[in-house]
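Each of the two complexes below includes subunit A, the first together with subunit B, the second together with subunit C.
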Partner chain A sequence: MTRSMLVMLALAAGMFAVAPWMIDAAPYEATMGLVYKIYFFHMPSAWMFLTAAIVAGVASFRLLFLKRPRADHWVTAAAELAVLFGAFTLVSGPLWARKAWGVWWVWDARLTSSLMLFMIFVAYTLLKKYGGPGSDKLGAGLALFGMANVPFIYVSVNYWRTFHPPTSVVPTLPVEMGIPLWYCVTAFTLLFIILLRMRARLEYQRERVEALYLAEDEA
Partner chain B sequence: MRCRMLLLMSLLIGSASAVRADQPQPPADFVPVENAPPGEQIPAMPLLGAAYGFIWVGVFGYVWSLSKRLQKVEAEIAELESRKR
Partner chain C sequence: MSSFLRVAWVVVKKDLTVEVRSLEILSTTMFFAVTVVLMFSFGLVVDGRPLNDVAAAILWVAIAFSGTLALGRTFERERQHDTLRALLLAPADRPALYVGKLVGILLLLGLVELVLVPLVGLLFNAPVIAQAIPLAGLVILGTLGFASVGTLFAAMLVRARSRDVLLPIMLYPMTVPVMIAGVRGTAALFQPTPDPAVAQFWLALLAAFDVVFVTLALWTFEPVMTE
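Up next is the complex of A and B:
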């Protein structure tokens, strides 16, 4: 791990350590009460889930159409993060819904399309692990399809009937709820950047190991 | 024989109506209340704890696994480079 990665990781850890106090200081919500506080980790997780899908899609475009083979490292890194943050979103959401809606899950457009996106990136990671030669390009196609899902997921709450809060909730939040939310968004963004860099570095180092073994065999 | 049969039938019918009388009767109508009874309310704290706990464990687990994988690969590179020299 590089020095800058360690500094960023320490900063993210510090922000996450302070987050419970920030969230505790936020007021209760009138209809949902205490359980709405899941929102402070659920929403940043969901944003990082969608960001990871966009990063994977852009890197896939570079790999497939601009012929940049090293872009595959970024697709792999972003896809793994999409699975991680997708799991956070899809677990914390139903825990919130159980109290707020009275059910764990509803098959509305937002929840169903989010589950689909998660499954696309689970499929990508399985394909990269067990797919063998050529799986990088096939996986990149899958990741592009995943990225195409992102705008649909984002606007789905505004166009289809759902229990899920619409996108207009974030800009209209009162200051005392907005401060802990944006603090958590910053902490999650920092965590996302450092994890993306670390995971991409792992792929670069694996490539170096392969090159060193090849050079050893040739010598 | 016929008397016995009649007696048996009357006993069966009598016991069936006794069982029916013991069963709780379904409510004739639904009664609205302002708040759910305390036993029916879903507590928020375990749900909140589970959500935050899952994310914290997930983040720690992933950072730990990633740093282990990186350390392993970097140790392999160091060994291969020292063999090369």
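Up next is the complex of A and C:
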């Protein structure tokens, strides 16, 4: 771990330790009461989920078309983070929905497209783990197609049925809710960047160790 | 361009010749599709009457399942004799090889669907003949969308381990829009009073999906198939 990673890690840990107080200080929402506070972790993790998917897509493009083999480390790191934050989003969402809508799950456009995107990245990790040699390019192809697929999933499910509160809710929040929300977004972004860098670095080192083993075998 | 089409045609002809001699993939896939329809019917028909929209759902699930089977078998044949490597070594455009394989799969699935669609119509009393033209549009565009992604993935997976399970794992989440559009569009046509406007919307979505994914597959086939 490099020094800058340590500093960022300490900062993120500090921010997450303070986050419960920040969220506690935010006022109650009139209709939903306490339960809406899940939102302070749900929305940032959903954003990080999408960011991870975009990073994976961009890195896949670099790997396949610009022939940068090291981009594979970034695809792997971003895809695993997409699974992590995706799982967090998909768990925290239903917890809220059970209270707000009375059901754990509805087949609305955003829920379903998030679930499908999550499944594509789970497929990616399975492919990397069990696909054997050559699965890096395969995975990049999968991630690239997954990115292209998001608008189609969204439109198709949207016409199928719809429920989720619209994105326009964020700028209309009162300031007392906005501050803790952006605080949490910052904390999650920091965590995301650290995990991404650490995982990509780990992947790079694993590849180097393998290369050294191979070199030793040949010697 | 003419050499592109010629290469694609040669690949199609090769696949057809191999298939016509044994009929292995066609016969097994067709029987499998019929079995899937029956299995789902046993699950979804209550008191002798099918639930709402079941015919459309069963038709598309059967297309997806038998499509996966046909894709897997087609490329397994190429792998067993290591002929995919020979194809890739040929001094030809890689995208042309992709188009050739895709057309071969489409012909195969088209034949399977010629049995599947009337069977669903027969068993579920669906108006497949009255709605033949829009239904054919949905089935053709849906199969193209499914097969365009599937051909690329199956080709990529030829060299991978546990490829038989990885193909559906990768393919099904990716073709969710095809499934939704196909099922909803078909269900709109199978209603007591058919709704062509709804079917048309889903047809348009399928067409857009096909354009994007065929283009993307032609574009990605070269880099992913290069060792």
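Simple rule for what comes next: the second predicted complex is superposed on the first by the 206 of 219 C-alpha atoms of A that agree within 3 Å, B and C clash if a C-alpha of one lies under 4 Å from a C-alpha of the other, contacts with A are read in each partner's own complex, and residues count from 1 in each chain.
The rule we apply is simple: a residue touches a chain if its C-beta (ideal position, glycine included) is under 8 Å from a C-beta of that chain, and two chains touch if they have at least 3 such contacts.
Just so it is clear, the structure is predicted and the values come from calculations on it, not from any experiment.
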{"item": "Subunit B versus subunit C as contact partner of A:18, first or second or both or neither", "value": "neither"}
{"item": "Subunit B versus subunit C as contact partner of A:35, first or second or both or neither", "value": "first"}
{"item": "Subunit B versus subunit C as contact partner of A:130, first or second or both or neither", "value": "second"}
{"item": "Which superposed partner A:142 touches (first subunit B, second subunit C, both, neither)", "value": "second"}
{"item": "Which of subunit B and subunit C A:91 touches, first, second, both or neither", "value": "first"}
{"item": "For the subunit A and subunit C complex, residues of the former touching the latter", "value": "64-65, 67, 112, 116, 119-120, 123, 126-127, 130-135, 137-138, 140-142, 144-146, 148-149, 152-153, 155-157, 159-160"}
{"item": "Complex interface listing, subunit C residues touching subunit A", "value": "149, 152-153, 156-157, 159-162, 166, 169-170, 173-174, 176-177, 180-181, 184, 201, 205, 208-209, 212-213, 216, 220, 223-224, 227"}
{"item": "Subunit A - residues contacting subunit B, complex", "value": "1, 9, 16, 20, 33-35, 37-38, 41-42, 45, 84, 87-88, 91-92, 95-96, 98-99, 102, 191, 195, 198-199, 201-202, 205-206, 208-209, 212-213, 215-216"}
{"item": "Subunit B residues within the subunit A interface of the complex", "value": "42, 44-45, 47-48, 50-52, 54-56, 58-59, 62-63, 66-67, 69-70, 73-74, 76-77, 80-81, 83-84"}
